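Letters A, B, C and D name the chains as they come in the text, with residue numbers starting at 1 for each one.
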Amino acid sequence: MPSQATALSSGFDASVTPLVEMHDIDKAFPGVRALSHARFELRAGEVHALMGENGAGKSTLMKILSGVYTRDAGDVRLNGQSVEITSPRQAQDMGIGIIHQELALMRDLTAAQNIFIGREPRKAFLLDEAALNRNTQAIFDSMNLKLEPTVRVETLTIAKQQMVEIAKALSYQSRVLIMDEPTAALNDAEIAELFTIINRLKAEGVGIVYISHKMDEIKRISDRVTIMRDGEYVGTVPAMDTPMETIISMMVGRTLSNDALVIPNTSANPVALEVRGLNRGREIRDVSFSVRKGEILGLAGLMGAGRTEVARAIFGADPRESGEIWVNGNRVGISAPQDAVRAGIGYLSEDRKQFGLATGLDVRNNIALASLERFTGPGGVLNDRGMQDVAQKYITQLAIKTPSDTQEARLLSGGNQQKVVIAKWLLRDCDILIFDEPTRGIDVGAKAEIYKLLNALAEQGRAIIVISSELPEILRLSHRIAVMCEGRLTGVLPGGSSQEEIMRLATLRPSAVAETHSERRSA
Amino acid sequence: MTETAIPAAKSGPRISGAFHRLLAFSGLIALVVVFSLASPNFMQTQNVLAILQATSVNGVLAIAATLVIITGGIDLSVGTLMTFCAVITGVVLTNLGLPLPLGILASILAGTFCGLVSGTIIAKLKVPPFIATLGMMLILKGLSLVISGTKPIYFNDTPGFNQIALGSAVGSVFPAVPVPNGVLVLFLVAGLAAFVLSKTALGRYTFALGSNEEAVRLSGVNVDRWKIAVYAVAGSICGVAGLLIASRLNSAQPALGQGYELDAIAAVVIGGTSLSGGRGTVVGTLIGALIISVLANGLRILSVAQEWQTVVTGCIIILAVYADILRRRTL
Amino acid sequence: QENYDIALISKGFQHQFWQAVKAGADKAAAELGVTVTFEGPESETQVDRQMDMLAAALSRNPDAIGFAALDSQAATPLLQQAKDAGIPVIAFDSGVDSDIPLTTATTDNVAAAALAADKMAELIGGEGKVAVVAHDQTSRTGIDRVDGFVNRIKENYPNIEVVSVQYGGGDQLQSTEITKSILLANPDLKGIFGANEGSAIGVANGKTELGSNIVVIGFDSGAAQKGMITSGVMNGAITQNPVGIGYETVAAAVKALKGEKLEPVIDTGFYYYDAATMADPEIAAVLYD
Amino acid sequence: MTETAIPAAKSGPRISGAFHRLLAFSGLIALVVVFSLASPNFMQTQNVLAILQATSVNGVLAIAATLVIITGGIDLSVGTLMTFCAVITGVVLTNLGLPLPLGILASILAGTFCGLVSGTIIAKLKVPPFIATLGMMLILKGLSLVISGTKPIYFNDTPGFNQIALGSAVGSVFPAVPVPNGVLVLFLVAGLAAFVLSKTALGRYTFALGSNEEAVRLSGVNVDRWKIAVYAVAGSICGVAGLLIASRLNSAQPALGQGYELDAIAAVVIGGTSLSGGRGTVVGTLIGALIISVLANGLRILSVAQEWQTVVTGCIIILAVYADILRRRTL
């Protein structure tokens, strides 16, 4: 194992007082020791990445810093002063802002109302809605974000919701800005935009904590990396000079193999799923494609291209105006998800909190949720024992970090929640699987695990559609790549195509002039 | 209550909010049209005024309930709180013989105070709103009886008192439309509540709390304080309802009030406010309250047997709400 | 003298009528030196809640029980239990179909309502449309008073038509709304009978609010109704003697406990009163505020 | 209703579920202890049986409400549905003179059918549960009056009928503890409901629906069917309540029932089931129902004046729930 415990202040002048110091932080939840002697340090003007596997304690540590949780033990210093942070309000007043991993928006309010909640501009005791929207527009403009301040958050895709959260955090003009997986739902263009903002803030002397499972991002923007494992501090290393493999092995405690993509020849396999002339309004326009048995079809496109819409329409989650769906050469009528599942189609939603997880149920029942009839005996009595066994199997196989299979799903870390939802579909054993952003919020180790799993499923002869906004992921997995833009399928590429080819199709706009970022910028 | 979160308004152009709102009247208008055709007596000025008058107390209570329901809470105590406020007014005006303005003030203060107490129990002690306001409902019911000595308190010594609900300031200017003051009070309260909801910080937090209380808390807002404020405002509105009913009956009837909460909440829900919080309008609640009174009045005007009135009311409430759902779905 | 514990289970609690019964019972308790408790369910439909009250009262082991049955059959097992425990039972307000109660202190509601019908007929000149606003469709008093009124009209006054019978639960506000819609639906209506205190006040309020001049006959008394009769909004009303009912019930219980003989029925009577007769000593004695 | 998602259990080791559940009795036990000390009559067999008897109807209704509330819905029609079922039994046994088992069957089938209708309106027409069951409540209230001719139907021609609630199968074996059959029925229904909730697919879906209905739908589950099933089962339980009350009163009282829904829902919420769905227990509901009856009975035994009974009940309901919240927080 490479040298880990590099000095905390590596690469920095040790005489300057750090913005934030956290020492020996402990935090336990019932049945879980989330943090144990955790350590962290942040300086003004640096981007400090916090890395670790799912459930390593990253979010918990940052929630302690931002006043959401109180620590059980340890010391937090701000500008060298010991502080007690007991509420989010207090953290804000101290200049600590956070973008939470799990979106915390008020769905019935508008974007602007969300951003300025608690700090609404007033005019003689009344809310000044005009100023509110103006200020919001200014923030959106500075982010090059094309969004109406008056749009209700509920109607936004998670990517846009994530952008609203970012705008909200920026509006506080904090000295310390914590970003807990801000890019999990973003596409490349938006990520680039975010990084511009980060660099600007950095130049202004803001200290930024950056949590992400996307390895490439770490190299691109962070100055230092602190690695955590199982709630403990592992080490802090300079981002530039440390090889990625070292960071990963510090995270997972072993080295990961990085298998190259092997594209099997599936052209002779029978078609498993065929979609013909799918249409709905402006979101889905005449989409037709097919997937063969044993094939992984990547579905690429920019945010809002309509990939999720297509998947939901196939699955019967949303109505469609026209279009036929054929499974194994037979036309199937799908008007509700249960029809799709009966036809052997499974769909993993991109929004686990809203559509994937029954947060009040425990891990076991979430995994079994789509397959309950398999465990139902005479008289409707459930075989809980059997459910427990399969739950245990998936907890082991996917390395789901949970004290037991009876832990409530909402208490798991974000990435582990995602694994639970994946397990649900693996257990259901569908012949056709549509995975919408399956690795959102999942750590490198588990990601590799899931890639392996998808490959194994394909080898077993299943047809798989993977929707992902991460091009490397699409390229790493897909045997063929379908690309969408503005509701249309703009092309299908063979596996191993280049990023440029995909991007060309993804921006092949059928519609006339669309506002571009550069136009906005000049405005 | 869980609502299916199918992204509804995905296709088709958005139609303007005003038109949308106009259509919300459709259930009400349908009822009015049917009753007008069925009975010539229905649309007479006097009957229309009777309907409005009949809406006033329930309408005001329903507005109070609307505020609380938008926060995602519920208030079962609106009815008995109204009675309690009426009794307090009775004590102030009749038993203590103080002047009218003090009686009015006492009612509203009593309502505000009780709302504060409920709100505090809910926000600080984390007792679910259903339980806190159920407890309040019982406590206030008992206290009204205790304070009044289980007897009505009459306002015979305060001559102007019954003008609050029954007089007609409008009628004294336009004798052709003697709209009772009680109805004016209803519209005044509605206007104020709508204003508070849309223009003030209190209104903003009311919606925010019902939308995602945890998010509001994480945004550093003092959630408890605002929640208590909402219950207090709702309480003060119940105080207004107490004045209205006392004025109308020219007495504080200590035994009245229980059961009124169901009508009030029904008006709110018929008006399209969701019991899970985060959304709702005062206009919707007014329409809901009107639907209830129009139904009751119309069926009586048609001399439908009482047991059948109940059956028909049940059916029409379901149908009205279903029509509203269909309308929203197809738009 | 022993301090007897007497439990009175009535049909209601909050209405002025029942409060007047309670007042009579309290008066007797004070005079006779016994302890009295008085309880009744929310509404006169809650037969089972009344059973729970009776059961709890029995558990308390009182010396005697006064009982106004919402449904006499339903109470039979518990009354049997009382009898077995040697607790004397006095019925009040309405009879119990059973030989367990030693006596019944009551009014004949059918006859009382029939008297209201006679007065109504007299006041409207023997012809025209009338209506009834009653408190309850299923309770004994509700049924008896509506039947008593309607049947007397049918039998004796062929030119009078009862166009509507509606129920407002004894709630003043609801009865007001009902009255208004009846008046608006029947502009030629001559009179309305309000079958209990809340209904009667509601009817009078509805009449006032619409500025109508129909004849209103009420039932029971209470300060409001007395005021309305004085002011002429209400033409007159039938009153029972609730204070007397309460008083006689307790007195009978004490007699029973002392082993004295009781009459099978104590008729506490009913009266028609109007502005002219209200001050008569005989009437004034049975009116309550 | 929004619940603050503050991580409740902040520190300390997990204690076993059984111990936890035992502590939930604490509010009830405290009440029992206080009343026993205050009055020697309270703990006598006869009174304990009276309390249990008084719990039986509300307890059964509350169990029906529990199922629905766990799905995130609400059922306001439990009280009038109970009455409707009782009236149907009356028609079958008395008016038609059919044998007892048919009467029992009729009640349960009537309940199931009405539950099916409510469930269908909610699941298929997407009418909010509050409105659908409010409508049902009114419809059934009216229909009960219509069918019975607004008069009670007596069961004098069916001699065994009152044994359903009042007889004592236990007492015939152990004469010292003549537990009425009604109480046995309550425990039987509770046991069955607990079994269904914890061991069967229906139970699992009940919790899942209340937890995240959309996630269940997207798991390929026929959400509508299960939802309708839950309302139907709840309806059949109301049918049992109908039998109990009819047997106890030896008559079907057509006007009874409205207002009972509030007591039933109160028992559910006092028992710790959340109105936002996804969690709840039958045992909790039983405790909630017992707390309500013990309170009512105890205060009567102590001869507390009726108006004060109401006040005290309100206070204690709030306190009992608050104590439960404190207990969960400190564990």
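Here is the rule we use: a contact is a pair of C-beta atoms (placed from the backbone, for glycine too) under 8 Å apart; a residue touches a chain by one contact, two chains touch by 3 or more.
These numbers were taken from a predicted model, which means no experiment stands behind them.
Trainee: Would you identify the chain whose Cα-based centre sits farthest away from the centre of chain D?
Mentor: Between chain D and every other chain, the largest centroid distance is to A.
Trainee: Rounded to a whole Å, what is the gap between the Cα centroids of chain C and chain D?
Mentor: From the centre of chain C to the centre of chain D is 34 Å.
Trainee: So how far apart, in whole Å, are chain B and chain D when each is placed at the average of its C-alpha atoms?
Mentor: Roughly 29 Å, centre to centre.
Trainee: Could you grab the centroid distance between chain A and chain C? Build each centroid from C-alpha atoms only and quote it in angstrom.
Mentor: 71
Trainee: From the C-alpha centre of chain A to that of chain B, how far is it in Å?
Mentor: Measuring from centre to centre gives 44 Å for this pair.
Trainee: Mark out which residues of chain D touch at least two other chains, giving numbers and ranges.
Mentor: 145, 150, 210, 212, 214, 217, 259, 277
Trainee: Would you mind listing the residues of chain C that make contact with two or more other chains?
Mentor: In chain C, 13, 42, 137 touch at least two other chains.
Trainee: What are the residue numbers in chain A that touch two or more other chains?
Mentor: Expected reply: 317, 354-355.
Trainee: Any two chains that touch count here, so list every such pair.
Mentor: Those chain pairs satisfying the definition are A-B, A-D, B-C, B-D, C-D.
Trainee: What residues on chain C touch chain B, complex-wise?
Mentor: 13-16, 19, 42, 137, 163-167, 171-173, 176-178, 180-182, 184-185, 187, 201, 205, 209-210, 222-224, 227, 289
Trainee: Applying the document's contact rule, which stretches of chain D touch chain C when the two form their complex?
Mentor: 39, 41-42, 44, 46-47, 50, 53-54, 57, 145, 150-152, 154, 156, 162, 166, 245, 248-251, 253-259, 293, 296-297, 300-301, 303, 305-306
Trainee: Going by the contact rule set out above, which residues of chain A touch chain B in the complex?
Mentor: Listed in rising order, the residues are 68, 87-89, 91-93, 100, 104-109, 113, 117-118, 120, 122, 125-127, 155, 168, 280-283, 317-318, 354-355.
Trainee: Within the complex, which stretch of chain D touches chain B?
Mentor: 1-5, 71-74, 76, 121, 125-132, 134-143, 145-146, 150, 209-210, 212-214, 217, 259, 262, 265-266, 269-270, 274-277, 307-315, 317-318, 321-322, 325
Trainee: In their complex, what parts of chain C are in touch with chain D?
Mentor: Contacts found on chain C: 13, 35, 37-40, 42-43, 45-48, 51-53, 55-61, 71, 73-74, 76-77, 136-139, 143.
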